[in-house]
Amino acid sequence: MPATTDPPALTAPELRELYRLMAATRALDTAAVAWQRQGAIPGFAPQLGQEAAQVGSGFVVDRRRDFAFPTYRELGVARAMGVDMVGYMATHKALWHGGLYDPAQSRFAPVQAVVAGSVLHAVGWAHGQTLAGHDGVALSYFGDGASSQGDVHEAMNFAGVLRAPVVFFVQNNGWAISVPTERQVAGGSVAARAAGYGIVSERVDGNDVVAVVEATRRAFAQARSGGGPVLIEAMTYRRGPHSTSDDPGRYRSLEDERRDAGTDPLERLAQQLLRTGAADQAFLEEARSAAAADAEQVRTKLAALGPRPGREMFEFVYQEPTGALKSQAAAWRVESEHV
Amino acid sequence: MSETTIAAPGRTGADPEPAAPRQLSMQQALNLALADILATDPAAVVLGEDVGTLGGVFRVTDGLQGRFGAARVFDTPLAESGILGMSVGLAMAGFHPLPEVQFDGFAYPAVNQIVCQIGRMNYRSRGTLPMPITLRVPSFGGIRAPEHHGESLEALFAHVPGLKVVSPSTPEEAYHLLRYAAARPDPVIFMEPKSRYWQKGEVSTGRRGADGDLGSRVARPGKHVTLIAWGAMVARCLQVAELAAEDGIEVEVLDLRWLKPLDAEGLAASVRRTRRAVVVHEAPLTSGLGAEVAALVTERCFDTLRAPVERVTGFDVPYPSGDLEDEYIPNIDRILFGIQRVLEYRRG
Amino acid sequence: MNARHQGTRPEHLVEGSRQELAFQVHEPDAAALERPVLLLHGFASSSRLNWSDAGWLSALADAGRRVVTVDLPGHGSSPAPDELDEYSPSRIRAELLQLLADVGVRPYRAEDPASGVDLIGYSLGARLAWEFGGAQPQLVHRMVLGGPASHDPLADFDLAAAQQFLADGTPIADRSTQELLRMAQLVPGNNMFALMSMVQAIKAEPFTPTEAVPKMPLLLVAGEQDELASTMPELARLSGRADVVWIPGRTHADVVTSRAFKKAAIAFLAS
Amino acid sequence: MAELSFPLPDLGEGLIEATVLEWLVEPGEQVERNQPLVEVETTKSAVELPSPQAGKVLRTYGVPGAKVSVGEPLIVFEVADDAAGIVGTVPRDEAPKRRVRLTAVPDED
């Protein structure tokens, strides 16, 4: 990294807050898998094991001026940024593709199902900050699988050329559904590619939340001060399946998982808190039970959310709906509206 | 959602005083429209390959960077998906991007961003992240260009929910439709008929209001048959109408202008008068926009129609090389044959 | 400009010191079939001013000729050494000989259009060409001398007055000295110390055209109003193989851009 | 057709004017980009100015011996304002050609 002064070390309250957020993410993630098994939601893409990478990076976002561009597996980022979790989980309940939270107000773009689809959006939004003379930073999420997409090349090249204030946050979780990183990423490192675009990059231990926060803070400081884009490759591990419909047993063994997953990031932070005296066992227990209560509350509210009225199919296609669409909506109302 | 106040160089705010109508080529009319858009809308930005220093490969953006600065009119790297994906982000940041895809065939690499992102972001975000993007695409054939430099993508774009599609046929239409499109909160694919770039016509500036900018336009009234066309085919249909008049047939030429939304009422009104319809387009026949037009006309005018709707179109082949263009693009004789068929048709 | 190659060459010693005149080889668009043309600029000028800006490089490139330009010591991009010897005409001629060998010039053979070299020299460059052609008849095919004189005007240059003027502004009495100095000073970046060294070196080796008269065909060109070239007919007489062209209306300063001059030169070298 | 005017360019080193020595092109002549246009002389040296533009020469300014200031018009070209883009050709307006005659009479009821 260039000569930006290292941000101050994380304080004990900050470390405790990170633990609360990671615990809440873990609890909700685990709960959501269970809900799917119970038939409460049709599907879910768990982020189990990526709590440090997600919470640690989302924790740095300044919601007054920055904007995050997620994929479909950024529960921890959303939680850290204070996105309404019921609205977030609504996408997994198949209520609305982009979720039911307000992306503009949350500074968290709609859930994006196209792999690498939003990376260019982050660059465009970031360049908009430059054009408008603002100091916002775009935080773009993608993974080792998405790094194979041409749009990621275009985005990094545009960002490099325009010196756009964007932080590319790559969660290298080892697996793109069934294909391991070594058969996905030529050269073995997404971060190494950044140099080719004149973009500063850093590889961090994505299971170490402190390392993730510090790297992300450095990256934001550089991008915000006009130093251009930064890429962070957080090395982590997708401990769960790609989605609740996936069967990892077909492509990796339990032995592989035990060997490759490394230390559980939540456990790692817990040990650190205890070791440094930043928190005691009672705090950890209280945080975990609060997280469980949180998840339960989300479940209750999500269960209470019925399907969106069918008319919304028509309402949000355009700001100025076409006559044809209005007449289709009218026909639908007459012929098949489910009351 | 203009969340920000955007300080834009070259901003004057007020619309320029309408000048007396003048003779301009479509290229110049589009250039003037872009200049007026940039001058009146501080959130407007023009981006694309070679649009800045060079002024665009067809010179449509000529001089704009000099006048409005390299922040508002900027060259991008050579990557269409990047241009459109970046436009999404700019729109999310409160800008009104006017991206250019240099040639129609180069829109294909950007289809993911156009279809999956631009067409859907307003929907996905439940109206909180509108996409006021006007994508300019030099379109259609007729200039003997290499492969992928002449394509007719209107059916493809018109099929995509969330997009609107428009194609001007004259310099006057080009100026006003571009200004209208750029002021919309929804994404518009603006298909510029490149074979008409150099044709001159009278252009009035100022604004003519939504009534003047929406729907179809009767380019020439007639009572025996309606020729339905858009873009470059309008001029050809007007030539056909002139020739048909020599044979005593009065042809009405309907310039559709908007390909999404299609002006069903305008179509029906014309065909109710003439009772016969021939739709003309450059794109291949199968699943072309002519099929949609024929369906709309049939639904609305079944009882008055004297003949099935005829389609005179390109063929189900790739757009051919320049030397074969005249064989592919509907020519005067093929359109005349189409008219003859609907005139000859007798029921039973 | 067709300057595609910046000169690089092996290190040589010429008369005991390192050779380092700046030169460029300009290739025409199509491969050149004929021998190269070496251009020698005038006093207080440079390859850029005398040949490039004046349109010679493009005219010769259009004619399909490969061109070598070289900056004289203390001029253009060439270094301005302190040693007076480096500026002497004999030393410069030795440098030119080595340079031509380095760019691949082979001895002239009548049956091989690519062999040998043609020279175009202007003013001081014309003097250097006369001497070079006289001394190297085996290399030089034809020569064009622009604004030449049988007597080097720099030999009459009032060095003391010029140095006095440069030191404290004392006016120069001699009109020719005054004019040469004025022109030298107009060109930004001219190293006056180096130019004065060159004058001094020339005074030590004045031009004696009878010493070695070039035997190849010559074209002598000057403006009708060029006072410095008024003795050009004398050179024609000495040569006995010279065509003479006077350009109407032109002076020593502005004949260099003349189309008539270029056309005559290119046609002469091609014949 | 459009007119495109070029002024005497800045010849560098603070020179503000030049004297026309000789025009190498004349009105009506079609010139290529980079083709020599005119010889001019400044107090420093004589130079040949290459054409910045391809096109037909419409007018030249300054007879031989006349002084032209930097920034003043030197030459005006006529350039096509219907030049094609980077590919393709500009379609020509041609009188419509037909082989087909309409013979059917529409029944008027």
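For clarity, chains are labelled A, B, C and D in written order, and residue numbers in each chain start from 1.
The rule we apply is simple: contacts are C-beta pairs under 8 Å (C-beta built on N, C-alpha and C of every residue); 3 or more make two chains touch, one makes a residue touch a chain.
As the structure is a computational prediction, the values presented were derived from the model and not from experiment.
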item: Pair joined by the larger number of C-beta contacts - C-D, A-B; value: A-B
item: Centroid spacing, where centroids are CA-atom means, of subunit C and subunit D in whole angstrom; value: 37
item: Subunit A and subunit B: spacing of chain centres that average the CA atoms, whole Å; value: 39
item: Distance from the mean Cα position of subunit D to that of subunit A, given in whole angstrom; value: 58
item: Chain centre separation (subunit A, subunit C; CA means) in Å; value: 73
item: Multi-partner residues of subunit C (at least 2 other chains); value: none
item: Overall pattern in which the protein chains touch one another (line/ring/star/complete/other); value: line
item: Chain pairs that touch, as defined at the top of this document; value: A-B, B-D, C-D
item: For the subunit C and subunit D complex, residues of the former touching the latter; value: 45, 49, 53-55, 58-59, 186-188, 249-250, 253-259
item: In the complex, subunit B residues that touch subunit A; value: 1, 3-8, 45, 71-72, 76-77, 79, 81-82, 84-95, 97, 112-113, 116-117, 120-130, 161-162, 164, 184-186, 260-262, 264-265
item: Touching residues (chain side subunit A, partner subunit B) in the complex; value: 67, 69, 96-98, 100, 102-105, 109-110, 114, 117-129, 131-134, 138, 150-151, 154-155, 157-158, 161, 312, 315-320, 322-325
item: Partner subunit C, residues of subunit D touching it in the complex; value: 13, 21-22, 24, 34, 36, 39, 41, 43-48, 50, 64
item: Contact set on subunit D toward subunit B in their complex; value: 81-91, 93, 96-107
